[in-house]
Amino acid sequence: MSVATHQDSSAPSPVSLQVGLIGQKFMGRAHSNAWSQVGHFFDLPRTPQLHTIAARDATELERFAAKWGWAQATTRWQDLAEADAIELVDIGTPNHLHAEQALAMLAAGKHVACEKPLAGSLDDARAMRDAAAASSAKTFVWFNYRRCPAIGLAWNLVRAGRLGAIRHVRAKYLQSWGGPETPASWRFDKSKAGSGALGDLGAHSIDLARFLVGEDITQVAGALQQTFVGERDGANGERVPSDVDDATLFLARFEGGALGSFEATRLAHGHLNRNTIELNGELGSIAFDFERMNELSFLDARDPSAERGWRRIVATSAGDHPYAAAWWPDAHVLGYEHGFVNMAADIVRVLSGAEPELPLPDFEDAWRTQCVMEAAGLAAREGRAVELSSIS
Amino acid sequence: MSVATHQDSSAPSPVSLQVGLIGQKFMGRAHSNAWSQVGHFFDLPRTPQLHTIAARDATELERFAAKWGWAQATTRWQDLAEADAIELVDIGTPNHLHAEQALAMLAAGKHVACEKPLAGSLDDARAMRDAAAASSAKTFVWFNYRRCPAIGLAWNLVRAGRLGAIRHVRAKYLQSWGGPETPASWRFDKSKAGSGALGDLGAHSIDLARFLVGEDITQVAGALQQTFVGERDGANGERVPSDVDDATLFLARFEGGALGSFEATRLAHGHLNRNTIELNGELGSIAFDFERMNELSFLDARDPSAERGWRRIVATSAGDHPYAAAWWPDAHVLGYEHGFVNMAADIVRVLSGAEPELPLPDFEDAWRTQCVMEAAGLAAREGRAVELSSIS
Amino acid sequence: MSVATHQDSSAPSPVSLQVGLIGQKFMGRAHSNAWSQVGHFFDLPRTPQLHTIAARDATELERFAAKWGWAQATTRWQDLAEADAIELVDIGTPNHLHAEQALAMLAAGKHVACEKPLAGSLDDARAMRDAAAASSAKTFVWFNYRRCPAIGLAWNLVRAGRLGAIRHVRAKYLQSWGGPETPASWRFDKSKAGSGALGDLGAHSIDLARFLVGEDITQVAGALQQTFVGERDGANGERVPSDVDDATLFLARFEGGALGSFEATRLAHGHLNRNTIELNGELGSIAFDFERMNELSFLDARDPSAERGWRRIVATSAGDHPYAAAWWPDAHVLGYEHGFVNMAADIVRVLSGAEPELPLPDFEDAWRTQCVMEAAGLAAREGRAVELSSIS
Amino acid sequence: MSVATHQDSSAPSPVSLQVGLIGQKFMGRAHSNAWSQVGHFFDLPRTPQLHTIAARDATELERFAAKWGWAQATTRWQDLAEADAIELVDIGTPNHLHAEQALAMLAAGKHVACEKPLAGSLDDARAMRDAAAASSAKTFVWFNYRRCPAIGLAWNLVRAGRLGAIRHVRAKYLQSWGGPETPASWRFDKSKAGSGALGDLGAHSIDLARFLVGEDITQVAGALQQTFVGERDGANGERVPSDVDDATLFLARFEGGALGSFEATRLAHGHLNRNTIELNGELGSIAFDFERMNELSFLDARDPSAERGWRRIVATSAGDHPYAAAWWPDAHVLGYEHGFVNMAADIVRVLSGAEPELPLPDFEDAWRTQCVMEAAGLAAREGRAVELSSIS
């Protein structure tokens, strides 16, 4: 028996979900991969279709679209707003472009999934938050680290009361690629990126901490920001100012009284992509390190004292760990791209009327993270504690 | 400017590579994923096309084909031999089926990529080796762990003489899913699997050791095999004999004088998928643990003694580490499926007349691994050392 | 041939060094052990003799003296000042007693080795610093962690320029014994201890950071202090206020521009005695964790990028690592008490006119650490950055 | 009040225990330290007194005796047998001297504590076992690693049934000091040492495995021995044959059906003193690594699967962990010498009529370990499985 399969069928399936994407750089690839892989790892009520990719560089565009399977491509991102078939627009552009694009898409009635941080400035972020609140569309922000299975396990443990009241939060995102040998790019240009390590890395830490603790930050008690490398090589041999923070550290208080310590840096040799978070509570502790993203360390203080110790849990077991329902056995480990794939699955679920496996960040939620970033910058500049209630 | 992309074009591109696959279980998925993802991670001279999937269970087949993008599906694996367009047949079936299928495909002039171990019996393996030798087709065996970037780095270090003469090889593959609570399956049936832990896990260890050391094993000095769980629950509530080895350990000598220690078990609590290998040489050592597959530990004994220590290298840097030319930055870690994706890339390279990034195992190579498995079984049964020269 | 040995000879050897000690609790034991063991691990120009122990509790005192080999014992610590034979007085009492005792001993012309922190208050510390400056006696403060061989290796690496300019300092001292189940003691009484986690643990972190970086702290940029447990069980069943900081966190700038992050807590489950410090410099990084006190992690950023990784150095090799000239082979690891033994060796060396193996902290040095503690407390109370130049 | 203490009193206390020691090299120091420190860490019914040290090198002897506090010294070890006051003779000499010395001491009615391995040959070992059996004296063998608190915890867990039936035992003792650069010594001379890595390191592994599993080994299923370095520099520039095993590996079966894998080598770069053992049982697993001697890894397979993981237990808590009743808090870690100190405490307890904290190895017990060593050598030489019942 030979069976002809139907993938070439041109009519969209009734359960398809047409997606448009803006951006073809790193995040353009990560999101394209998520949309093309999500159906291979999850059984979902709707099937995402890669409808149109929009990006500025026409030379690269056709090749990119063909490689990733986008049915159409355009150099005019506004086309996505005008394409009736597209339900969801995914924004993977530099931070200073998020607001204009997101507002246009919301105005056109599209659901929007935006890269993090929400925006390059507090004003932009506020506008996006307000537009989302005024719209019936759904919004999403790609805080992908929430979607590691090990983080999902951590969230479950905290929700189940296994840590008790949280007393300490340590969230560090350390990288090492930002030395003087690294050439200029939009990421080092404050007018485009809004900030450096703070928005690029610290935003993830703030989101993860708020997500896991389940509380907002009420005060930034003090902060340090530093630009270690003041200029960099430009594309044409010229020297270009590099004016973002290479490192930002701050201390914070959470609503429930936990003390938070945050650090984001691009200049910490030995740390390639070390996104770590640790929580200490009355009854236990958890610790996560993205360089070993499949593992969660858990300390149950109610274990008998003679046997108490950090448990290294390989959080890859279907049935036990969120997002681990892959088609492979336990401890056949996941990689970086699965954070995006897992989040794409949850977006599809939400847009199908179902529940996400874990809560998704929307513009309102990402706005609060942006306010913490703002408070950290202010605390560093002014050498003082900043109440979050003063940021709005 | 809007750009129509060409993915729907029905005529195969002149550089396409038509692939047929047999099997739709775990390995069917892993291979399907590899063929569909390889083009997203590598720029290759030819583009694999998922031409036809063959598998017995017709109920599952259409769904599987649609999900993974196979253009056609059939319940008759012989169809693949008869399909002129197909150049490469990929075999992902239980061990006892490999020989018949591979021989048919070679006879039809197809290139063959076969799951490991090469076969369920030495006779089958020999027939496959001989058929491959007599054919002008290329053969490949999916020893996927060779394709972890960290293993690639290890291979490079050994080849560059950084370890000097190898003295010790420790290769363990420890899992823990084989307790009495696990129901019967073909993997516990010696008539289908050929062996248990030895063929399932030990074959990987033997291949990795031979690959990294770059030498053959000349003697199995002693071995232990044990069936700890003698029967298991069948599909209909009956008890079914479980007659494979739950664990196999053996000691071996390599051509160059290195001493090898091998262990494969499905009954080691605390180890979900711990495929580890360590080499100690005159000048240094390397160690790998698949549960942390992105890392290689390297000890350079020529470092000044005060500063000497195991280096934890995160082997994910494009330019530095094999197969790491992903579109994401350093330490954005890879997962299990990439071993298959990376091997698919090398198969495509070879079938395009190019060089693989690292040597690929063919039937001849996998035959030698099968001979070591045979010697280990014999040594265990007879309580004596077995020379590899006596196995043929 | 039988040889009578001379240990019982009552006349002090010309090279003996008579030591008096105040305190018979935890630190009394640690110091007694150091003085009795130092001659077993080091060949020194003078031999410490345990002359007199002073402590309040007469009941315990005789037993303590006999156990540890103190020739005499007294309940009047002032006796030590009056004993002509005693050259060095070692103070192992609670913080609020340090000043009175140290001043008396300096006035009597004794060298003084004082437990850390220097004092329970800034006023006390200043008086001690001034008295030391006015005296020809030598002073020492038992910052024992400086004397771990792994820290010695770290110091050597920094001094040799292997890290380049330091950019980041992370110093945490995390413990978990301070929950509500722990009864009251002087350590929870601000009038006696001066502070809680800050003076008990944070003082070590500040000293280690200043020692390794080789620079002073110029600013505390922000701080958080928290008393999580407000009262505890007293000795007679009553509830006693617990008014010290259970946790103190602060951010700081070093003279050379490095950014420091400090945390001291007694309420972090999973950390029994985790005194950690990490430095990231332009050329490399080092990391230390006292729970694995024999190891130093070192990252040399000038290693070829493909081979770069944290090296786990077991810093126990005679000839290679400070204080490692023990009578046992490499990696026969040291324990906690050796920090004190090693420091005792250096004190003996200094009092013999020789050089210590690594720089020793004196009252002036410990005063600067005390100023940072003061600034951290002030920054926390007032919610603002505090310049160290304002503390004196 | 001034209190004169009584340490100088010349009359031995009624509860003193007079000890004689033979040997002033590495083990002479380790044992001297144990006898002088045991009273500082334990409250014992009797107090060991360092009565007489015996060693050949008179030049070193007086200095050694003075340094460690031996009351008398002699170059004639037979003096110890003749000294009526001495109750316990401690033997810290090379392996080939153990038998003669131990037999003489037993004949003189002394209790004997002998360094491991029991002897340099099976004949010697048998004679010692027989002499001990015929004597009313107590015998002890310094298998010091049994006395790490973490091993004590492991023993407790196994005894309490927490691992269930043991299926796998992996015991490795890896060092790296045995390269060709290391000069000749008695340790490389088979006529003195009896064996190389096997007796020096493997004996520890066999003892630990037998101790923890609580069963004897019934079969060596196969073995490998190798001399990698055939000659070494002698003391006078000449080349001296080096004829011991640099490495020995063997596989074994335990009485209860567990499969054991053993490896001892002096040529494994990256391992300074890595004495490791792991047990996998039906219900859980434990793992120990002496380079992190204060830690035990424990996996409880009855933990809920989502939370199951290796627990890193810092086994240093008084009340919870054997031998951890030190005068310092949790996680103020112990070092190498404490294995000897802890064993000395147990010897004193036994010679006081009390129970040791954990079972002590005597000559009968060490004889069984010696038989396993013999079987391993035979299996390697003859290329066959060896039943322990055939060794006697």
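By written order: A, B, C and D. Residues from 1 in each chain.
In the analysis below, contacts are C-beta pairs under 8 Å (C-beta built on N, C-alpha and C of every residue); 3 or more make two chains touch, one makes a residue touch a chain.
Note that the coordinates shown come from a computational prediction; the quantities given were computed from them, not determined experimentally.
Trainee: Which chain pair shares more contacting C-beta pairs: B-C, or A-B?
Mentor: Between A-B and B-C, contacts are more numerous in A-B.
Trainee: From subunit A, which chain is the farthest off, judged by mean CA positions?
Mentor: Result for max centroid distance from subunit A is chain D.
Trainee: Can you check how far apart subunit B and subunit C are, centre to centre, with Cα atoms defining each centre and the answer in Å?
Mentor: Going by mean C-alpha positions, subunit B sits 54 Å from subunit C.
Trainee: Round to the nearest whole Å and give the separation of the Cα centres of subunit A and subunit B.
Mentor: Subunit A and subunit B have C-alpha centres separated by 34 Å.
Trainee: Any chance you could list the residues of subunit A touching two or more other chains?
Mentor: 297, 310, 314, 317
Trainee: Can you name the residues of subunit B that touch subunit A in the complex?
Mentor: For this pair, the touching residues of subunit B are 1-8, 10, 26, 29-30, 32-33, 36-37, 39-40, 58, 61-62, 65-76, 79, 177, 272-274, 290-294, 314, 316-317, 327-338.
Trainee: Please output the residues of subunit A touching subunit C within their complex, sorted ascending.
Mentor: Answer in residue numbers: 167-168, 170, 176, 179, 221-224, 226, 228, 247, 249-251, 253, 257, 259, 261, 263, 265, 267-271, 280-285, 287, 297, 299, 301, 310, 379-380, 383-385.
Trainee: For a test of understanding, state which residues of subunit B touch subunit C in their complex under the given definition.
Mentor: Touch residues, subunit B against subunit C: 153, 156-157, 296-298, 300, 303, 305-314, 317, 319-321.
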